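Across the two complexes that follow, chain A remains constant while its partner is chain B and subsequently chain C.
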Partner chain A sequence: MVARITGIAVVVAVCALVEGLIRAGLINAYVVPLPSQILASIPRIVVEEHVLARFGQTMQEVVAAAALLAVFGISLGALFYKSPLLRRACESWVGAWAAAPIVLVYPLFLVIFGRSATTIVMIGFAAGLPPVILKTLEGLVATRRVLLDVGRSFRLDGRQQFAKILLPAALPTIFVGFRLGLIFAMINIVGVEFLINFGGLGQLINELAERYDLPGTYGAILFVVLTSVLFFAATEWLERRLRPMR
Partner chain B sequence: MPVLEARGLAKRFHSNEGVVVAVEDFSFGVAAGEFVSIIGPSGCGKSTVFNIVGGLLGDYDGEVLVDGAVIHGGTHPSIGMVFQEESTFPWRTVLENVAFPLEIAGMAKAERLDRAAHFVALVGLQGFERRLPEELSGGMRQRVAIARTLASNPKILLMDEPFAALDAQTRLLLGDKVLQIQQELKQTTVLITHNLDEAVQLSDRVLVMTYRPGRLKRVVDIGLPHPRSGDIVGSREFGDYVAAIWHDLREEASRGIADDESRLRGAGATAKRA
Partner chain C sequence: MTSAGTPRPVAGDARRVLVLRVAIVVAVLGLWQVVAVSGILFRDVVPSLTAIGAALGRLLADPAFYRNLGVTAYEIGVAIVIGGATGLAVGIALGANRFLSDAFESFLHYLGPTPKIIFFPVMIMWFGVGGGSKIAMGVVSCFFPVAISAAAGMRQIDRVLILVGRSFRASTSQMVTKIYLHAMREPIVNGLRLGMGVAIVGTLLAETKLSREGLGSMVIQAYTVFDMPKMYALVIVLFVLAVGLNVLLGRLRR
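Then we have the complex of A and B:
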């Protein structure tokens, strides 16, 4: 509780500092709007720019990408674990893919999926996939040998060994990868919405920036941060539900 | 007829230094309700015997029999294993850990939790059922592991140095607990250990192994009266048994140390030449 209050106090203090620096003329008010103006713009962008509908659209895209990441990322990580040959052949490629600026190939996705939410979701998915695969693999490989031996001593079959021992043992590491994947997916989803001027918060930020409505732009960015906070809270809740260990 | 029997066990490992014969012509039998310890110096192949008998290690010579029938590869439902390393599942509570084999066996939830609670109480952990392993001491976690194995109702309890990571006092107290459970359940038990006091305190018979390759050097029948407790370590008879086993073991342990030193010298000389 103290940490939470301290965190909020730090954000308030930074905003007050920025406000002071802008009012003192040390930061150009035409580049960075006053934090008080940003807060004041929120009711306006809610009513006039329908930011909540845009927020909902971006949330839907992130949920779709997160579902794809969970299903395909964890499955591919498990497949690499089961097949050492596939792992040796592909692990460095996946590592290289993680470092690649996927967003730059958005024209290719546009050609394949058209100017649609599918393009945005698929780019988010493609950008977030490598950390989920790599961290799933890392978690499975790091499972202590003795836990697997316990499973063998109780005559678990391959499916039980995976579901009852490997997966729960690897879960904390898998969640680290899943959160990383979500960060990459969210950045790319908002980025592509901005680039192709389609859909949710990214498109709204694009429109507001082009109108030079800086308080509104930053207000919309606050909703992007809110999306991120909500997804992190959701993954933490899910992890606590799936694994009681503190 | 012995419940558990090993006949002519032998195991070779291939390493960079060539073929290492870990165990050779190792045979023993364990009668129902008997507590047998296998003791030997480090590197004598005790854990290899544990893994072969438990079914975790294949490709060996000789045979393992349970109730007179040869085991053909893999683990056997009559053999329950307790490991040297900490082996509780950190994501499960004490009760859920102990109920694990019953869950695998498909027992209904209420019934398995009830049965698991009985084994939790048996190892003296009542009141800790809802705790996670990270909230317990090393000795308590090892008791959880023992309770979990006992919950699977094995005919033979096979333990590989389960107290190795614990301090001397906890070892003695845990030894008392294991002995009490073994006598209460009349549980056939095989304990792999390198601890002389532990072997004498707990066992009906002690099998002494030679240093590599591990062979059976001597069988010592422990004639100490039952029921036993940790207090027995102060008796003269206890000291005599420890001294007798140490007499055999000392020679093997010295051979092991000399072998390790010569191997390290050889590796050092090779590195220098390179």
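Then we have the complex of A and C:
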């Protein structure tokens, strides 16, 4: 607890120091705005720039990407599980895809899908897909043999075996992948919004920066950081809730 | 990222896998070519394979490409050195000291998953519109995975090794160079690998947003003049370089 308070106190002290240095003219106020101005800009961003509506827009894109990730990621993972040959042929490709800088091809997505929310969602989806596939596969492969035998003893057919035994058993691991995929998707979605100047929170930062509204830009960045922290914490909480099912 | 329990290869299996791989690649390329020739989509969006191949050839023969590659490689290289070194130092400090870790490590975990590109307007203010702001983007991107990995790696070091170092009265710098860095080679390489990946992305994205040189700016210029074959060629080169570097660094781990 003492350590936590110290950490926060150091951050506050650094902000106070920066404020002092700017007021003393040692840091250029046109480069770094006063921390007090940044704080004061937050209500303005909320009211005038409709930050909550923008947050909603970004979240809509994240939810759309999440739905695609759940459907295609889990299906592909299950397909790899069903076909060991396909798995051996493609698993390392999915690994390489995870390492590939997907977001760099955003101009390509712009050409295909136009400057629209679809481009943003598709990039988020493409960036988040590999961990969902690989973790789904990992979860299914790790299903305990005894559970599969129980299913067989009840004469479950293939579909029932998958829905009643394999999927529930693999769910905690699948969620680990889904969470990773969602985080990748969100990072890319906000990033592309900024880059193509379209959509929710990312666009807001771009607009404020282009207007040279420095306190607003810093305030909006703070808001995005806060959003990612909350998003990160919420998925972590969900993951912990799922864990006892193991 | 590989999943557990890779199926055991059976005799003749490798051949079937190879056949399937070749079949998939041929099918994808064939489908691409059919779409390109048929005109279902705008022809320029899906250029024919020969057009992409020709553009790739032209790109690799173009001195401007190597100049831009040099600019980007320099920016990424400097970013990895600065981001990696500071990340390592901060990670070791946090991993070695419980109090510092409790006080500050949560900030690393909070800032780690935020999209770093949003800091670009700030970096432009601080370091200008030239290479400085791109290097800064790479540094910010690279720092977090390296620091988080190094902090976690420090805590996994076998206590016996640390006690041996202390019993020899090793100084802090000797502890770092003789014990810590050796004992956490794997997490450090993993962190650097992740850091390099995000540094490449951070630097190149910054170049696409605002730059006159570098591969990122070449991509966005190709997009602006709608030279699709050149854009595909650049994307292929970038992917090969990024994945290749990643694999190379992965080998170091062993």
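Rule of thumb we're sticking to: the second predicted complex is superposed on the first by the 176 of 246 C-alpha atoms of A that agree within 3 Å, B and C clash if a C-alpha of one lies under 4 Å from a C-alpha of the other, contacts with A are read in each partner's own complex, and residues count from 1 in each chain.
One rule holds for everything that comes next: a residue touches a chain if its C-beta (ideal position, glycine included) is under 8 Å from a C-beta of that chain, and two chains touch if they have at least 3 such contacts.
Please read these numbers as outputs of a predicted model, since none were measured by experiment.
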{"item": "Partner chain(s) touched by A:144 [first = chain B, second = chain C, both, neither]", "value": "first"}
{"item": "Partner chain(s) touched by A:47 [first = chain B, second = chain C, both, neither]", "value": "neither"}
{"item": "Which superposed partner A:171 touches (first chain B, second chain C, both, neither)", "value": "first"}
{"item": "Between chain B and chain C, more extensive residue contact with chain A", "value": "C"}
{"item": "Partner chain(s) touched by A:67 [first = chain B, second = chain C, both, neither]", "value": "neither"}
{"item": "Which of chain B and chain C A:163 touches, first, second, both or neither", "value": "neither"}
{"item": "Touched partner set for A:153, first chain B, second chain C, both or neither", "value": "first"}
{"item": "In the complex, chain C residues that touch chain A", "value": "1-7, 9, 13, 16-17, 20-21, 24, 45, 98-104, 106-107, 109-111, 113-115, 117-122, 124-126, 197, 200-201, 204-205, 208-209, 216, 219-220, 222-223, 226, 228, 231-232, 235, 238-239, 242-243, 246-247"}
{"item": "In the complex with chain A, residue positions of chain B that touch it", "value": "54-56, 74-75, 77, 79-81, 83, 85-87, 89-91, 93, 100-101, 104, 132, 134, 149, 152"}
{"item": "Chain B partner contacts - residues on chain A that touch it in the complex", "value": "144, 146-147, 149-150, 152-156, 160, 164-165, 168-169, 171, 243-246"}
{"item": "Chain A to chain C touching residues, read off their complex", "value": "3-4, 6-7, 10-11, 31-32, 84-92, 95-96, 98-101, 103-108, 110-112, 130-131, 134-135, 137-138, 141-142, 183, 186-188, 190-191, 194-195, 202, 205-206, 208-209, 214, 217-218, 221, 224-225, 228-229, 232"}
